[in-house]
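Next, two complexes with subunit A in common: one pairs it with subunit B, the other with subunit C.
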Partner chain A sequence: MSKAYFNYAGKRLLQAIVVILLSYVFTFVVVSILPGDPITNVLNNPQNGFTPDEIKEIIAAQGLDKPIPVQLWNAFSGFVTGDLGLSMRTNRPVATLIAEVLPSTLVLASAGLAVSLVLAAIIAYGTQFLPRRFGQGLLRGFPSLFLSVPNFVIGLVLIHLFGFQLGVFRVIEPDSFWATLFAAIALGIPISAQIAEVLIANLDHESGQDYAAVARGRGLGQMRLFVMHLLKPSSLPVITVVALTIGELLGGSLITETVFGRNGLGNLVQRSVSTQDLPVLQAVVSLAAVVFVVVNLIADLTYPLLDPRVKLLGTQQRRPTTADDSSLPISKAVTP
Partner chain B sequence: MTLASISSNPRATLIGRLTGLRVPLVVILSFLVVALVIAWSLAPGLFTGYDPVNGTPAQKLLGPSAAHWFGTDHLGRDLYARVVHGTASSVASALIAVVIGVVAGGIIGLLAGFFGGWVDTAFARLVDVLLAIPKFLLAVIVVTAIGFDTTNAAIATGVSAVALFARVMRSEVIKTRQATFVESSFLLGGSRWHILWRHVLPNASRSVLPLAVLQFGDSILVIASLAFLGYGDPPPASDWGLLISIGKDYLKWPWLVYAPALVTIATVLSVNRISRWLRKTD
Partner chain C sequence: MAPQDRLTTFLNHPSSPLLRVKGLSVAYGTHRVVSDVGFELGRGKSLALIGESGSGKSTIARAVLRLLPGTGHATGRVEFDGQELLGLPERRFRPFRGRRIGFVPQDPGNSLNPVRTIGAQAMEAAALLDEPDKALRKAVVLETFAQVGLDNPQRVYDSYPHQLSGGMLQRVLIGLAVLPRPALLVADEPTSALDVTIQKRILDLLSKLREELQISLLLITHDLAIAAERADSIVVLKDGAIQETGSTAMVFSAPSSSYARKLHGDVPALNPDRYRPLREPGFRHLGARRDKTPKIEVSGVTKNFTVDGKVLTAVNDVSFDVQAGTTHALVGESGSGKTTAIRLLLGLEQPDTGKIAVGGEQVNGRSPEQLRSVWRHLQLVYQNPFTSLDPTWNVEKIVREPLDRFKIGTYQERTLAVRKAFADVGLGEHLLSRKPAALSGGQRQRLAIARSLVLKPDVIVLDEPTSALDVSVQADIVEVLLSLQVKLGLTYIFVSHDLALVRQLAHTVSVMQRGRIVEHGTVAEIFDTPRQPYTRSLLESIPSGAARLARTQPLQHRQIFNEEKIA
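And now, the complex of A and B:
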C-alpha cells in the first residue's frame, strides 16, 4: 500500500465517477434527442387507452412539457440523489420496478458467470494436459466456435434437447433449479470463450518463458509445472477480463431471459422498449453502467495488490499479457 | 517452397506441406461459405424456385426432404427459400454496422491519437462512456430511439461498435506516429494532414482490417439478436434472427430453429476464421 497506489486509486475513483455521470447524460441524450417521441408513440396511441386528462397528468408528472436541458437537469439531479423517477407506463417508482426483478437477473447473471469460469478453466487448463495433435486442437477450437453461436440459439437448443426431448426441466417453470442452470449455461458459453481465449494465450506465453524451461530441465512433470508455476501467473490477469465481461453478462441476460421466459431485468427492458417507457430504460442503462464501472474499478484496484509484477511507481505500468490491449479500457488511467 | 527443398528433405516437407495445405483448406472453405452467402444475397432467385412469402398451407411443417431442404414452416413456406431470401438483409445490415463502426470509430481514434492533448482526453471519455454501457443494451436503446426496422438495428449495432474501433485506431496511430519514417517525413516538411493521410492512416488500417472482418461476424450475431427480440423488420421479412425467433414457437418442429441457426453459425464461423487468417498473414 504505497503512496503510488493511493495516487492510482484516487485517480481511478475520480475517473469512474466521471464516467458514470457522463454515461447518464449520454443515455439521456440518446433517448430524448433522437427522433422517436414517446408522447405521440405511446400516450396518444388509442390502444393504450389513456384519456386526454391522464395524458396531461403524465406529461406534467414527467416534466415532458419542459425544454430538454431542464428535463435533463431534473433527471440528472434525481439520479445523483438516488431518485430514478416514475415509470411512464405504470406511474410507479422506477426503483421499485427494478427492485422487483433484480434478484432474478442477479441469480442468472452470477450463475452464468460461474458457468463461464468453470468452462473456461476446463478448456484452457485442459490444453495443458492433452496431446498437441489430437485433443488439444479440439479444445483450442472451442472458443471460436462458442463465439460464433448466438446465445439465444444455445438457449433454444438446450430447451429443445433438455426441456422437450429429455424432460429434465419444464419450460413453464422458468425459476426452477434446472431451468435456471440451463439458462446460465446458455448465458455463460459465449462469455467462457472470451475468458478461455485470454487464459490460453497467457498459458502459452508463460510456458514459453525461461523459468518454465528451467523447471522442465530440472525434470518437473507437466502436472507439477502447471500447478506450481503456470497456474498463478496465467490466471491472475484474467481478473481484468472477467470484469470486462460484466457488460456482456448483463446484455446477454436480456436475451436469455426472453428465451427462457424468466421475469427479470431483461424482461423489464423489453416491456419498456415496446411501450417507450423512457425513465425505466434510462434507469436500467445507467444502472448497468454503474455496475460495469464499479466492478472494473474493484478489479483494477485489487489487481495491483494481488499481482506483484504490476508496478505503479512512476509512469511505467507493466501488465502481464492479456489477449489484446484493447480489452483493457481503463488500465491506461495510470499513465496520463 | 521450391522443388529442391522437397527433394532434399522429403519427410519434413511432407508434414510441412500437409500442415501448409491444411490451414488454408479451412480458410478456402470459409471463403466458399462466405461466397455462397454473398451469392444468396445478390441473386436469391437463382438458388431457389420457392416463394419466400406465400406458402402452400397443405404442405405446412414438413420435415427436411429433397424437395424442401430445410423443411417448411407453419404457413407451408419453404424454409430454405426464406433463409436464402433473408440473406440480403442480414448481410447488408451487418455491413452497414461495420462501416459505421469503422468510419466513426476510425475518425475518433485517428483524431484522438494524432492530435493528443485535450482532443484525446475528450474522446477518451466518450469512448469510456460507450464502453461502460453494455454493448447490447446500447444497441437496444439506440434502436428504440430511432425506431424498429432492420436498417436501424444495423445503425444501432454500428454505434455499439464505435468504441472498439476508436480504441484500436488510437493505439495504432500512436504507435505509427512515433515511427522514424513519420518523423523524417515531418522533418522533410510534410504537413500534418499529409502525414496523417499518407503515412499514419494506411499503416493503422492494416490492423483495423482483420478487426473489421471479425466485427462483421459479430454484427451478424448482434443484428440477429435484435431481430430475435423483434426490433428488426416485422414478418414476412425473413432475417435469420427473425426466422429463429419464429421457429422458437414451433420447437416440436426443431428444423425451424436449427436450419437458420446453422446457416448463421456457419457464416459467422467462416468470417471469424478468415479474420484470424488475415491477422496471422499480416
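And now, the complex of A and C:
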C-alpha cells in the first residue's frame, strides 16, 4: 500500500465525514421546520389540561425553546458522543431503543445480502454453463422477474407457502432460524436481481473481449476460462453495486420485518412515524446515512486494492513507450 | 522440432500441406461474410490473407481456430495435418488450440487479461507442455520471454499488462503462442496497433521463430507491403471471396485480378511517385521561397507537462517554417511530440517558450477570443472520422456549424457555402440530410474535410487523416486533399507515422523523436539522403515488397532483440 493509497484513503474519509455531517443537518432542518410534533400536539390540546407554566417547563426541559441552530448543535454533539436524546413517546433514551432492535435487523440485512449474492452468482454464472438457447434464456429472465415483484409480496407468498401450508417454520416465532431464512429470501430476491443484471452484463462484456478469445486460443476450456479469466474482472464492479444496494437492503428490511412480524428497526420506525417521535426518526435516518456512507467508503477503499488497473488520482503510472503522446490531452484512437 | 521428428512427419505425410482450407463459408446468422474460400499452406511456409476491412480475412482466421464469436457458423472443410477440424466436437478440438495451432491477436493492448499478471497467463500456455514440474514450466516461460526479445523476463512475468508497452505485450503474446511449439501460427494483423519500427521488429521476430522452430505462418494483414515482404504465397480477399491467389512474386509482379491491381496501385510504399503531378505546384512554391515570408513560422517552441511532479518535455526547442501552398509533414513514432506540436500550433496549448506565427500573425499568447480569428484560417482534420463527427447531427448541420459559429454570411450564403464545400470534396448533395452513421469511412473523412474547408481557411492541420481508413479509401482521400491544395492553394501540416504516405504527398518533412526535431528537409533530402540514424531506422522499417522480391537470399537476421525496457 503506497503513499498514494493513503492520500486517497484520507481524502475519501474526509469526504465521508462531510457527507454524514450534511445529511444530519439536512434531516434535522427538514424535521424541525415540518409542522407538528407529539409534545406540542399533546400540550396544545386544551382537553389535556396542561397549564401554560407546565407547558413552558416541559418545552424548556426538551430544549425546544432554543433557536434551531442551538438545538442542532446540541443534538449533533449528542449524536457524535452517542447520546441520541430521549424518545418523546417513551421518554427512554433513543440509543437504548435502537440498541434493543438493531441486532435483529442486522441479522436480517446480512442474511438478505448473503442470499442475494448467492442467488445472483447462481443466475449469472449459470448463464456461462447452460446451453445458449434454453437454459440461458430462462436464467436471463429471472432478474427482470425478480425486480418486478415487490419484496412484501414475495414475503407473503413465502409465509403462506412455507409457514402455513408446509409448516417449515412457525409464523408466531419470527426470530427462529427458518423464519429468519425465509425473511432473508424475501428481502434478498429483488436485490439479487440488480446484482445479477450487472454480473451478467459484465460477463457478456468480458467474454467478448479479445483476451478471452486469445485465452481460448491458448487451449483453455470453458470452465478454466471462466474461473481464471472472467470471474474476477466481471465480479469486481459488483462491489460498487452491493455498496449502492445497502440503502435498499435497509429499506427492504423494514418492510420485511413488518411482513414477518419481526421486532426490529422496522417496527421501531413504524411506531415512531405514527407517533411523530422525532428524536428516534432523526437518529435512525442519521444512522442509516452513516451505514450507507461507511459501506461505500469501504467499497471505494477496497477497489484499488483488488483491481491493478485502477489508477489513484494523481498517481497515474505511465506506459513505458519511448515518450508520451498517449498521456497528453488528445488521446489516440485505436484504429480498427 | 528435432530433425528426426521432422523426418518422421515428412515420411508420414509425404506431400500433404499442413493446412488445407476447402470451400469454407462463414455466416453470422443468415448474413454470409465468407464464401467458398480455399487455400493451402505448406509445412514451414507462410501465407498471407490480405484484404481491406470487411473482406473476411480475420473471420477466416477465427474460423480456422474455431473462435468465431456469437452466432458465427462455418461450413466447408478445414484440414489440419490431414484431420478435418470443423466437424470435430469441441472436446476433441480443444487439444489443437494452443498445442498445435497458436494464435497471435491483433491488438496486444486488449489481448491479455488486465487483472491477472502476465506470469499467471503464461503458465496457462505452459500447462500445455507435458511437464509436471511447475518450476520447470516457469523456467520454460522465462526462456521463451528471453527468446522473443524481452530483456527482463522475470519482471515481465510479474507485471500486469497495463505496465508494459504495446510492443512488449505483442512479444509476450507471440511468446505464449509459440511456447507449446505449435505447427501453425495464425497471426491476425499482429502489428497494426504498433509503431513502424516496432512493427519491423515484431515481423522480424516472427520470421526468425518460423525458421528456428519450423512453424507455418498464416498471416492476416491489410498491408500489402508486409505481405509482399513476409509471405511465400498470398490470398487476396474482397467481400469474403477470393480475388486472386498465388505465390507472392506472381501476385505482385503480374496481378491477374483488377482488384489486386487496384490494391497494388493504392499502397503508398509501392508507389512513391503516384501523385507527382499534383505535388508539382507545391514544389514550385517551395522553389520561390526566398520572395515570401513563410505561411507558418514555428521557432524555438518548448512545452513541458508536469506529471506526478516529474517534468516531461513533450516538445523541445522545435522550429520549422512552412511555405504557403506546400505540405509539411511531421513524422515520428507515438510519443515523439507530433500531437503536442499541432496542439500548440492550433493554440489549444500554450508553449512555455518560443513563438508560433500563422500568416504573419502570432498565435501563442492570445486570449481565447483573439484565437477565434486565427481559427478561421487554421482548421483541423482529425484522425478518426468514426469518432470526430457528432452521430446525432445530420451531415449538413455538421458542415454548417463553423459558419454559424463565426456568423459568416446570410442563411442562403451559408447553405451555398456548405454545398460548395461538399462539391469540393466530391460528395453528392443527396447525402446532406444523412447522419454520419449512414456514411462509409471514406465519406466521413471527406465530410470532415468539407467541414474544415467551409470557413475558407489557408492552413489545414491533418492529424493522421487516413490512419483509420482502408488503403483504397486512403488513396481516395489523399487525392482529394492534393487536388484541393492545387485548386485552393492550401497549406497543409500533415502529421503521420506512415512514412510511405508522407513520401507520396509531402513537400517538406520534419522527423521528430522524443520531442525534438532530429532532421528536417525536403522530402527528397529526407528519403534519399537521410543523415540521422533515427531517420534511417524509420525508413528501413517501411515494409517494402520490392526489396523482398528482389532478394534471392533468405532474410538476413539483423539485431532483432531490442532495447525496449520496462520503465
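By definition in this document, the second predicted complex is superposed on the first by the 289 of 336 C-alpha atoms of A that agree within 3 Å, B and C clash if a C-alpha of one lies under 4 Å from a C-alpha of the other, contacts with A are read in each partner's own complex, and residues count from 1 in each chain.
Quick note on the criterion: a contact is a pair of C-beta atoms (placed from the backbone, for glycine too) under 8 Å apart; a residue touches a chain by one contact, two chains touch by 3 or more.
In this text the structure is predicted, and so the values were computed from the model without any measurement.
Once chain A of one complex is fitted onto chain A of the other, the partner contacts of A:A288 are limited to subunit B, with no touch recorded for subunit C. In the superposed pair of complexes, A:L117 makes contact with neither subunit B nor subunit C. Touch criterion not met for A:A75: it reaches neither subunit B nor subunit C. In the superposition on chain A, A:R218 makes contact with subunit C only, not with subunit B.
Within the superposed three-chain model, A:L139 lies out of touch with both subunit B and subunit C [touch as defined at top].
Legend: residue contacts after superposition of the two complexes on their common chain; A:K232 is shown touching subunit C, with no touch to subunit B. Residues 325-326, 329-330, 332 of subunit A contact both subunit B in one complex and subunit C in the other. Taken together, the subunit A residues at the contact with subunit C in this complex read 208-211, 213-221, 224, 228-229, 232-233, 236, 307-309, 314-330, 332-336.
The touching residues of subunit A, counted against subunit B in their complex, run 15, 18-20, 22-23, 26-27, 30-31, 34-36, 144-145, 147-153, 156-157, 159-160, 164, 247-248, 250-252, 254-255, 258-259, 269-270, 273, 276, 281, 284-285, 288-289, 292-293, 325-326, 329-330, 332. Per the touch definition, subunit C reaches subunit A in the complex via residues 53, 62, 65, 67, 69, 94-95, 97-99, 102-103, 105-107, 109-116, 120-121, 124-125, 128, 160, 162-166, 173, 176-177, 180, 192-193, 305, 307-308, 312, 314, 333-340, 343, 348-349, 383-384, 386-387, 463, 467-468, 513-515, 564-567. Contact residues of subunit B toward subunit A in the complex are 124-125, 127-138, 140-142, 144-147, 163-164, 167-168, 171, 217, 221, 224-225, 228-229, 231, 241, 244-245, 247-248, 251-252, 254, 257-258, 261, 264-265, 268-269, 272-273, 276.
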